[in-house]
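Listed after this line are the structures, all set down as structure tokens.
In what comes next, subunit A is part of two complexes: it sits with subunit B in the first one and with subunit C in the second one.
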Partner chain A sequence: MTKPGHSFVGHSVNRVDGHAKVSGRAIYVDDISMPGMLHGRTVRSKVAHGTLKDIVFDAAFDWSDITTVTAKDITGPNFVALMEEDQPALVPMGGKIMHHDEPVALICGPDKSKVDAAMAHIDQQVDELPAVLSIDESRAANTLLYGDDNIFKAYTLEKGEGLDEAFAAADHIVEGEYFTGAQEQMYIETQGMIAHWQDESLHITGSMQCPYYIHNAMKSLFGLEDEAVVISQAVTGGGFGGKEEYPSMLAAHVALLAKKAGAPVKIIYDRSEDVAATTKRHPCLVKHRLGLNAHGEIVAADVDITFDGGAYVTLSPVVLSRGVLHSIGPYKCPTLRVVGRMMATNTPPHGAYRGFGAPQTTFAYERQIDKAARVLGMDPVEFRLRNRLNLGDETATGQILKNSVASEKVVREVMAQAEKEPPNDICMPKAVQDVKRGRGFALYYHGAGFTGSGEDRLKGRVAVAVNKQGEFEVRSASTDIGQGAFTIFTQIAATTLGVDVANVKVVQPNTKMVPDSGPTVASRTCMVVGGIVEQAANGLKEKLQAYGESKGLDCGDVLALAEAHAKDVGELAFETTYKSPPGIHFDDQTYRGDAYPCYGWAACLVDVAVDPDTYEVTVERCIHAVDVGKAVHPIIVKGQIEGGTMQALGWALWESVLYKNGKVMNPSMTDCIIPTAMEAPELETIIVEEPYPHGPHGAKGVGEIPMDGPAAAVANALQDALGKSFDVVPMLPETIAEVLKGGPA
Partner chain B sequence: MKIDFTLNGEQREIDVTPMSRLLDVLRCDFELTGSKEGCGEGECGACTVFVDGKAVNSCLIPVAQMQGREVRTVESLASNEMLSDVQQALIKFGGTQCGICTPGIAMMASAALEAEPNASRARMRELMAGNLCRCTGYQLIIDAVISAAEARRRHG
Partner chain C sequence: MADFLQPQTLHAALEARAAHPDYLPIAGCTDVMVGFSHQAQPTGFIDLFGLAEIQGICADDGHISIGAATTYGDILKDPLVYESFPVLSEAIREIGAVQIQERGTLGGNLGTCSPVGDTLPVLLALDAQVHVASSKRGSRLVPINDFIVGYRKNALAEDELIVEIKMPLAPEGTQQYWRKVGTRRAQSISKLMMCVVGRLNGKDVEHIRIALGAVAAAPMRVEKTEAVLAGQALHEETILAAQDTLASEITPIDDVRSSAVYRKEVACNLLGRFLNDLGGA
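Here is the complex of A and B:
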């Protein structure tokens, strides 16, 4: 038993879900079965753009035990509620098919193989339309998909006066064009959901990041009240953003089937469907121009960003916003203009993926910074240190950094580590003659939490309670998707309450049992929601102590107070709402002000070896220093950094989603590869702690920042190794060969 | 078709269509849901089980081939609630995050440690290369497995 006053924060306690996960007992959605449960499947479009004329169910097939659903079965408004009301749950007859693999009908039945067989007996009659398949085609606007210009959303960010004059006066101008491709989240658990109706209420369980997003979407689709929709999260096998918005679509589908069939329905995507149809990281084109003076300072920046949003708005405006806000990087720049736009195309909608727009623009500016150092003949690390933002400096939006800046520390930590011998037993490529080696560096930052005043609008709520059994419970809608949310909430609550971690349980999120603490996104779970957990635990503790005083009990023993309260009175809960720290102001119209309450800072060094014959790249060393404010659970934090680092290296070098006529051509793990333990280098991870005064125990976000910079570090290393400029992600062997053959130097 | 085989140490008989995948039979007929499906095509290793002591992808194996064989699943790794050294190390070193790959990782790591107890880190990465994990970047998984190997050596 732990004494009050003991802090679990900063200690790597065993994960609360560890035992269940290593023993195979953790229950994911596909492990759940219900009596009478039917298996569902989704009929999807076979063209990228067209008008749906009819769906024909083969009369010769035996449909007796198959339930079919089309848009005609949707009685309410046919869209999946999110930001705009543009994406239908099923394409209506006579309506537009906007992308390949768009849902047009649903079927379910008791026998999985029969349902699979039935899929081949459904035909679609479609009048095909010319498809818009690239950013360029969308901007040309010969075919209109959205508004009168195909632009879902545009933002402009400006600072200082006289941009043209600033460039004219600059001693050097560095110009570049950067393209980064789509990336598949490739969570190992595919998307899955189960629905059943009980009386008039809808119950949904599944793999998800944001139970209340689904709650909202279902209320709107079926016209139900709050209490009539219950969304619960099953143990979720990874998300990385991919289970932020798409699960609302899947929930709509199982709910529609379950309603018509009058039985529980489960849909689990197979891998090919998941890769073909669900959201990915937005492809992005950045044109980036920097003006430099003779002293090696950045004097002007002109950035033009275009994202491919895919067929529907989904969350793209927010992705664009984050991309724009991060596009200058952690550098001082007095005069700048950033124009960003999100385009509509006939590709499956792109969406949330770890980093949320920032990795794309980070790749561009960190290539630019490297090139600038080259032009000036400066050491790339020195150049970064000279121009980096420091305490008291002003960001691109005019935000003065008042605290928690680690821009120098992360650089110094990485450089100190690089002085040391590489880890033993490093995976070296087989001895190749003339292997080309290079070293690359990157420095970046990531705004933690929602942009601007987003948290004020959201007003996240958490309750900490003593239940009827006298156990402490944390009730929040923040999901554990592997990032360790439940464990860190336990640590924070136990520390505040002064009880052992074993005495605190985090309730598996379920909209009937937990208040809305907001979505599990934007690196906000520890920093923002963890902070609400801390406040709620404090409030509960005070209430318990007041109760103890009134009864003449020992107020030092909170556990005993909880037990006494449970026995005599029953449950006691304390709910708190998030309050933003004072002095954070952001103007959504002008894009001026405090874009984020605080930033995490990171630096990455990558050593590559390139095989001169095959152009295969081996990452020989990857040193990553990431500032997280305070590591509530150092091993979990390390795991977050390393997982993100590896996804970033994968994006840089191996991961490629191939499209043809708007259809994903490599929808499998065999063809859409992600790195294995063999490609992964020995990761040298350094946790830096520059506390954020308004985060719990100083913590700020960690989930996304490790995704932002490693790709640029890889490209910079390739330039060092091969003397050419690599400005496209992924840098596959064929891309490298192309550049070496005569691409721009 | 009737199939007799040993499952986690017990003699079992089952009547199934011979082409059913071993993975489905384990998950659906025996309710052993610890083995997971990540790809269904032998790429991810989430469905790893032992057949006659060898680690295999159960999504690729028709159950008919199990006649007379000995099958072990992740549910057999712990004995009487006592997790195996590999399982304990995965928790302690942070080798599990979302956990969907973890049963397969635990099985493959156990097999790897049996086959090559003195494997280096680089070699262990090769042995584990058939098991994909998207969460960890593999570093903490390799840490866990190597530490379990070291502990075995220390304790003979």
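Here is the complex of A and C:
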């Protein structure tokens, strides 16, 4: 037990979800069964682009206990509501198939193996159309997929005047072209959902990040009121952005099947379906030009960014926005222009993945910064320190950094650690001879929370309550997807209320029970929603104390007050809505102003060793200093940094999604490689705390930033080791061999 | 449902095999089970995992024999194998990870006969012989080079089972080299494997075996490349000539794991490395 005034913040308390997960008691969606539940499957397109003429169900097959659904069964508007109304829940007859593995029909039945067998008896009649399969093909616009230029969205960001003159006056110009490929989230639990209908209301349970996104999409698809749709999150085994928008599609499918079959329906994707059909990180091409003066300062930047959005708009405009806003990095630059565009192609839609557009443009500018230092003959770390943004400096959007800048601190921390003995955990096998070694560095920042005015539009709400049993409850729609959200909410609420963490529980998100605190994305859960939790807990505490005073009770014992209130009056809830901190303004039209309320800062140092015979790369050392404002739960924060670092190293060196004619060719964990512990060096993780005055206890985002920079650090290290420029992600041994032979440098 | 037989003796297993030639003999199932997610199951199985008569390792008469159903884990624990054939132990240590090694068997690797079977290039380079048996026709010894016939195809007859693998002990001075190039360090399917076993007499190549995996439809010995080296003094020009021959002798492909160009280049690099080491040993 604890004394009032005790802070749980900054201490690694037991995770509230830990025991259930390690003991196997946690209930994931595939653990749930309902009476009469049917198993569903999705019939998917077999071409990247075409017109769907007909779907033929083999008359010779026994369909008696199989329910089939096509777009004809959709009575409302046939689209999955998100940003635009372009993506159908099922391709309609006569409609366009826009990508391979696009849903065209659904089936379900009581016998899973019979449903599987039925899949072979469904034929699609399609008139194939020429497919647009790359950024270049999309920009050529010989085949139009969207509007009259295939551009989903474009942004221009400008600062200062006379860009051409600035380049003309520059002493050095550094120019490069960078391509980063798609990346699969590879969460451990594949996507899954169950739906059932009860008295005209729809109930959905599943693996998800954003219950209210699904709530919104289901209301639209079925024409239902708020109360008639109940979305609840089952324990979720990882998301990384992959369960941000796609679950709305899966929810639509189980709901359509359940409605027609008149029974609960479950769909669980197997790994190959999940990898083939769901969203991935956007491929991205960046052309980046920097002008430098003789003093080693950046004087001009000209950046051209093109993302491959895939077949539908989904969340791509927001990804583009973040990519554009991060493309200059944490560096001073008086004159600049950034043009970004999101293209339509006939590949499965790309979507949210940890970093959300920033890792792609970070790779480009951190390669550029490294090359700039080389051109100037400066130490790459020194060059970064000279040009970095500091307190009071102005960002690319004209935002003046008024607080919470750790650009120097993260660099110093990394360099100090580099002086120490390496942990020597993994290194190139001793038998390998003539190993080439190199060291690379990267400095970067990541805007925490929603881009621009997003949080103002969102108005996230959280309630903290005393329930009828006198227990404290945090009610928010923010999901715990393995990242520890429920634990940190417990810590923040218990600290504010002055009670023990054991007295607070976080309600499993369910749209009937929790207000909309916004989606679980954008490194906002601790910084933004955690802040609302703190305010709501404060509000509840004040109300309880007022109640105590009116009854003449001891107002110091909040737990006793809660029990008294529950016993005498009943439940008491206090709900708070997010308000942006004062003085934060962003103009979405001109792209000027405070792009993010604050930034996290990070620096990464990577030592690589390259096998001269096989071109395999071993990351022998990785030092990563990440500023999180305040580590509410240090072990969870460290876990976030380590996990993000490995995903970034994986993206840099091993992970490759292969497409052929718009179809994913390696949809399995065997062939869609992610690194294992054998690839992981002993990660040297340094938590830096530069408090954000408007975050709970100073906390800002941590989820995404570790993903942004390590890939550039790896490329910089490879250039150091091999003397060639590595500008493509992933840097597979095959790519390295090609570059060394003088192929694309 | 598929029929599932679990014979308790080798005799019973061979009888079952003769009676049900369409049944699939299985051991650790580390490969066949993966296949079932996307291809049809056979009508029945003959489970040989744990069959004592075809397990175990023994040394006699200048050979080491390993029972077909001996798990990789048991082979790894055997000091005799490590001392005599370090390349086999090294190859096994990189198969899957510990869980796979506790199920997988040498007999299984030979039965599946995949182009990426990790032990097969080693067995080829070590001149192994495969002891196979049938209930009616008795047993025979098939040289490994004849046992591997083609893409996932071996010389096992419809009524035969693999009983053991025999490898001749190498004379003093024989060097062994092995390298698996995978998609990552563990749980990985090979992009390429190479095993070289050689012995010099002075500067001259007295004995040479070079075998590769994942560079053709089946694991193969590159006999033309061997011929370039056999009897020759091992100097830089010989090594370059061997690399040239190797590049034309293997026929790797582009697939989801790697490219033909990379496989060819790395095969030549590794051959150069091993031959240089052999020359300096």
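Here is the rule we go by: the second predicted complex is superposed on the first by the 735 of 745 C-alpha atoms of A that agree within 3 Å, B and C clash if a C-alpha of one lies under 4 Å from a C-alpha of the other, contacts with A are read in each partner's own complex, and residues count from 1 in each chain.
We adopt the following convention: contacts are C-beta pairs under 8 Å (C-beta built on N, C-alpha and C of every residue); 3 or more make two chains touch, one makes a residue touch a chain.
Bear in mind the structure is a predicted one, so any value in this text is a computation, not a measurement.
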{"item": "Subunit C versus subunit B on the shared subunit A, clash or fit after superposition", "value": "fit"}
{"item": "Partner chain in contact with A:676 - subunit B first, subunit C second, else both or neither", "value": "both"}
{"item": "First (subunit B), second (subunit C), both or neither touched by A:481", "value": "first"}
{"item": "Touched partner set for A:96, first subunit B, second subunit C, both or neither", "value": "neither"}
{"item": "Inter-chain angle, subunit B to subunit C through the CA centre of subunit A, in degrees rounded to a multiple of 10", "value": "40"}
{"item": "Contacts of A:646 with subunit B and subunit C, given as first, second, both or neither", "value": "first"}
{"item": "First (subunit B), second (subunit C), both or neither touched by A:287", "value": "neither"}
{"item": "Touching partner for A:724 - first (subunit B), second (subunit C), both, neither", "value": "neither"}
{"item": "A:737 touches, of subunit B and subunit C: first, second, both or neither?", "value": "second"}
{"item": "Subunit A residues touched by each partner, larger count belonging to subunit B or subunit C", "value": "B"}
{"item": "Touched partner set for A:235, first subunit B, second subunit C, both or neither", "value": "first"}
{"item": "Which superposed partner A:24 touches (first subunit B, second subunit C, both, neither)", "value": "first"}
{"item": "Minimum C-alpha spacing, chains overlaid - subunit B and subunit C, in Å", "value": "5"}
{"item": "On subunit A, the residue positions that both subunit B and subunit C contact, one per complex", "value": "270, 670, 676-678"}
{"item": "Residue numbers on subunit A that touch subunit B, as the complex places them", "value": "12, 14-15, 17-28, 30-31, 185-190, 235-240, 270-271, 424-427, 481-484, 635-636, 638-639, 642-647, 668-670, 674, 676-678, 680, 682-683, 685"}
{"item": "Sites on subunit A touched by subunit C in the complex", "value": "270, 272, 433, 612-616, 654, 658, 665-666, 670-671, 673, 675-679, 733-734, 737-738"}
{"item": "Footprint of subunit A on subunit C - complex, ascending", "value": "34, 37-38, 179, 181, 183-189, 256-259, 261-262, 265-266, 269-270, 272-273"}
{"item": "Residues of subunit B that touch subunit A when the two form their complex", "value": "27, 32-41, 43-44, 46, 73-75, 77-78, 83, 87-88, 90-94, 96-103, 106, 120-122, 124-126, 128-142"}
